[in-house]
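What follows are several structures.
Same chain, two partners: subunit A is paired with subunit B first, then with subunit C.
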Partner chain A sequence: MKRTGLFTLQLAFTLLVCAFMLVPIVLSVMAGLTRNYFQGIESGLTFDWVIQVWTAYAPTVWLSLQLALACALCCVVIGVPAAYALVRLDNRLSRAVEELLVLPVAMPGFATALALLLTYGHYSGFRSSAGFILVGHVLFTLPFLVRPVMAVMQRSHLPVLEEAAASLGAGPARRFFGIVVPNARAGILAGTLMVITLSLGEFNLTWMLHTPLTKTLPVGLADSYASARLEVGSAYTLIFLMLIVPLLVALQVVSNRLSRGALR
Partner chain B sequence: MTGTAIRLRQCAKTFQGGQTALSPIDLDVRPGETLVFLGPSGCGKTTTLRLIAGLETPDAGGRILFGDDDVTDVPIEKRGVGMVFQSYALFSNLDVAGNVAYGLKVRGMPKAERATRVAEMLELMHLQDFADRSIHALSGGQRQRVALARALAARPRILLLDEPLAALDAQLREQLRVDIDRLLRTLHITAIYVTHDQAEAMALGDRIVVMENGRIAQIGTPQDIYQRPANAFVAGFIGNLNRFDVLAHEQGRARVAGGWLPWNDTSATVLCCRPEHLEIVHANGALQGQVLGQFFQGAHTRVLVDIGNGRQLLVDSRDDRLRQRGDLIEMNVTGPLFALAA
Partner chain C sequence: MSDLAMTLPVRPTPLRRRVPLAIVVTLAPALIVLTAFWLLPLAQLITLGADADRSGTPGYLVVVSSPAYMQGLLQTVALAAGTTLATLVIAGIAGCFLARHAFAGRSLLVALMTFPLAFPGVVVGFLIILLGGRQGLFASISTALTGDRWIFAYSLFGLFLGYLYFSIPRVILTVMAACETLDRSLEEAARSLGASHWGVVRDVIVPGLMPALISSGAICFATAMGAFGTAFTLGTRLSVTPIAIYDTFTNFANFAVAAALSVLLGVVTWLVLMLARYLAGPRSLST
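After this line comes the complex of A and B, so read on.
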């Protein structure tokens, strides 16, 4: 194939954009592995910073992971039936609810957090628990689960499948768990991965809602950037990337298979 | 398995928004018979089927009975009906055997018995080699056979089929129709079969219900419907039809464009007959006309004849003699002739 000048130009532009986005990440990762950032890479590579971060901030990593999993669980438990109801109803009310669901995404996280604080702030037990952050995360991530699940449900001829199941003697609960959920599994999986990813990285809301005892990974990251050496912050970023990149890859794989319809 | 009778009493259906899909109808389906609902699109076939299935509820006052049980308020999952849909509606999260076993599992049939029944059903539908296949790896015809096996596995009282062959190509449709026919005959199950294909209706139905605009236009055997259509709609919907406007009545004959027809009843204004019940004769025919065209159709030759007064006839002739446009021919009526309200 003969490559034209235009192709070369496009390639160069693409590479440039990639570099623009990737170089800061690479530099940050390198900084986290360099003995002394101000002397540069000649000072030698080390895992000291990573280990230091891990000893100081390991609880934030665990909390974030727990939060993300709990958040995904809540979203699935709330979101799948909600998506089902929205698809089944499909009237003006259900469309309004669908719009409403997206509101916490559109609103600045601070505003949502403030609303939560105003409403539940005085229940001090709840306020100081990680559950408070969980509520914020669920609010924020729910539409990211509901949307793909709805999309899959709309595509998969659910009504007639359910009618078939009903004619075979299956009651509503049996139909929901035996037919609806399995046939929406691709959407549920994609949504769950998305929710976990978003929950792990969520900062705005979490920063407002956290207490010194309920620090998540991104909040810890902000802390360390603000208060510790640059290398510490960067090492922290490295740990975060190690968590989030596999998830993003999984997300991509799932959405690829989804668009090919292989998981239908 | 002996079939269950179905009775509909004054069942009407009005959808939200005031759309009347069905005027109040009474219908008696005999135990074990195959009843075909036939009619043009939107005439209410599916609606009636869904009322019987329990997927829709009739308007107040309508009752549905299976045998002696009033099932009007029984939800579909407790009615014991098998359903087959045009879109197959197979569960793609289960394999072929899983689909067939679904209804048995729901009913709590023990595993060993279930396996035997599933194997039996798959064999009945010639699917024994496909038990572990994914639904996606099946052709349309195979999918519909799985759907049939699934619907019949739990031995339903009644089998309801909504245009099960409509999504298949002609050859496959014919094949599967024969399979379904054999199945319904051997099982003696009460079956209702919806179609808008008259050939399918004729071939499968013990009786046919012709529907028009949410009403039953005629119920009868295929022969009844074909040879003695109750009204112009039925007559026109099934097969081709020649219509003669009666110009005068005279001595047991009716004068029509192109000649005379033997007819006693002087009240008839329109007489009809089928193209295959007209015969081209050499002389002394009751009707005369001029050939407009001739189309070879394999088993017969269809001749288009002008009989004057702007009336044309279709004649299905067994001979394959070549006729030219403009040739004068004579015809006799050899089969049933019937009157229609104009």
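After this line comes the complex of A and C, so read on.
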């Protein structure tokens, strides 16, 4: 490929887009570590803001992590069998169900949260527990698990393998756990990582569903942006980034290997 | 299955029955959860929208006859559409470039540009404030250069930038994947027949990418329609529909109108998704 003027122009454009994505993150990290952002970096670097945020907001971090893991577990338990059924069925009905699964994501999260609140809000035990948020997260993240699992299952010649197992006398349950699940593990891994990442960052639904006792990390972030000084908000964002970036890196590695077909 | 039934007419029933039972068992949990926690609440929301609010008018009628709500909705749709178009152009150019050229640091660039994918809207709003807010980067640069303070974070433009921020990574990934599957020989053929560079882009590359552009554009639009976090951080003065729903629900406890607005927002989003699917052809949105 010739390196022409056009190449340079496109490279410059791409770098500009990249700067738009990265400069604010760098600013935020800097602000979280600067003693006084208004005076600038000359005021000195400090971990005080991060420590202050941690003492005030650590429970939100723990709750978010627990929610994300619980959400991933629910999605795997519900979603892997569903993906299997949809791949096996592969007809008009299965396409309709697939559509139904994706709808909570396509619809504004707000509408879903409002609907949940208006229907189940008066069961106060359920309303005030973190389970209420969990339900919203599962609805929102389920398709992100089902789709990669379905994609892997479609590629791995399940009918042939299952038939072989059946001819050797394996029952349905044994076939599912012995053949289907192990063959789909790469898709399950990619989907689980995605679900955890999305659940950690979910705000649209959570803001409506949370109570003062069930505050998640993004809800705490919104609180700190609205009421605390810029340095505190930035330090809090830094904590969030430290949680989410390793997950995203892992996700990228897994999905790269998945798309090259190295994992199956 | 039907071929089998024809060759084995003696016992077609056991073979036909075994598969559906396994499928019913595996599909049931997902269907139960979806029905109980999504379809049922949604039906409730739709009926609640028809209830009378305090003035005695049904929620839907209040929304449709209120210029403020309708204008807000129009603004939301316009903003989402504008974001989608701008994202498609920006991510289309950058995505094609990244997919087509190999150079040092390319994979790092791709990784850096796509990792804001999972940032929640609130964080994106905060990042826009750091760029264009009162103590933002642009405010300090412009004060140093011209003496004016450029503050754009709390306006509709700030919201637009925020929506761009979380839309670009998603679309770039889709465009890159689609670009890699394009048939290069078509471009060579067009070039050898004397097509200019722009001619190739307009008549070969863009049509080839169209299904990917439409499907990722539709998702981009749907996300922008429902994005609440960004607007929430940037300031609740902005009159976009998610903020209006939040206000009606929380500050005025007007459930009927809040439900009606949510349903309307959902219907508009769904209509656009259906339109995109119709344009893109069957099965292209589900990938």
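Simple rule for what comes next: the second predicted complex is superposed on the first by the 262 of 264 C-alpha atoms of A that agree within 3 Å, B and C clash if a C-alpha of one lies under 4 Å from a C-alpha of the other, contacts with A are read in each partner's own complex, and residues count from 1 in each chain.
Just so we're on the same page, contacts are C-beta pairs under 8 Å (C-beta built on N, C-alpha and C of every residue); 3 or more make two chains touch, one makes a residue touch a chain.
Predicted model, so just to flag it, every value in this text is computed and none were measured.
> What is the contact status of A:T46 with respect to subunit B (first) and subunit C (second): first, second, both, or neither?
neither
> Which of the two partners, first being subunit B and second being subunit C, lies in contact with A:G79: first, second, both, or neither?
second
> Quick one: subunit B or subunit C, who's touching more of subunit A?
On the superposition, C touches more of the residues of subunit A.
> By the touch definition at the top of the document, which applies to A:P182: first (subunit B), second (subunit C), both, or neither?
A:P182 sits against subunit B, while subunit C stays out of touch.
> State whether A:T14 touches subunit B only (first), subunit C only (second), both chains, or neither.
The second partner, subunit C, only.
> I'd like to know which partner A:S129 touches here: subunit B for first, subunit C for second, both or neither.
neither
> Note which residues of subunit A are touching subunit B in the complex, please.
Residues 156-157, 160-161, 163-171, 174, 178-179, 182-183, 185, 264.
> Where on subunit A is subunit C touching in the complex?
Against subunit C, subunit A makes touches at 1, 6-7, 10-11, 13-15, 17-18, 20-25, 27-28, 31, 37-38, 77-79, 81-82, 84-86, 88-89, 95, 97-104, 106-112, 114-116, 118-120, 135, 138-139, 142, 146, 172, 176, 197-198, 200-204, 207-208, 218, 221-222, 225-226, 230, 233-234, 237, 240, 244-245, 247-249, 252, 259.
> How about subunit B: which of its residues touch subunit A in the complex?
53, 55, 75-83, 85, 87, 89-93, 102-103, 106-107, 136, 147, 150-151, 154, 160
> Which positions of subunit C touch subunit A when the two form their complex?
Going by the criterion above, the answer is residues 18-19, 21-23, 25-27, 29-31, 33-34, 37-42, 44-45, 48, 90-91, 93-94, 97-98, 100-103, 109, 111-123, 125-131, 135, 137, 164-165, 168-169, 177, 197, 219, 222, 225-229, 232-233, 242, 245-246, 249, 255, 258-259, 262-263, 265-266, 269-270, 273, 286.
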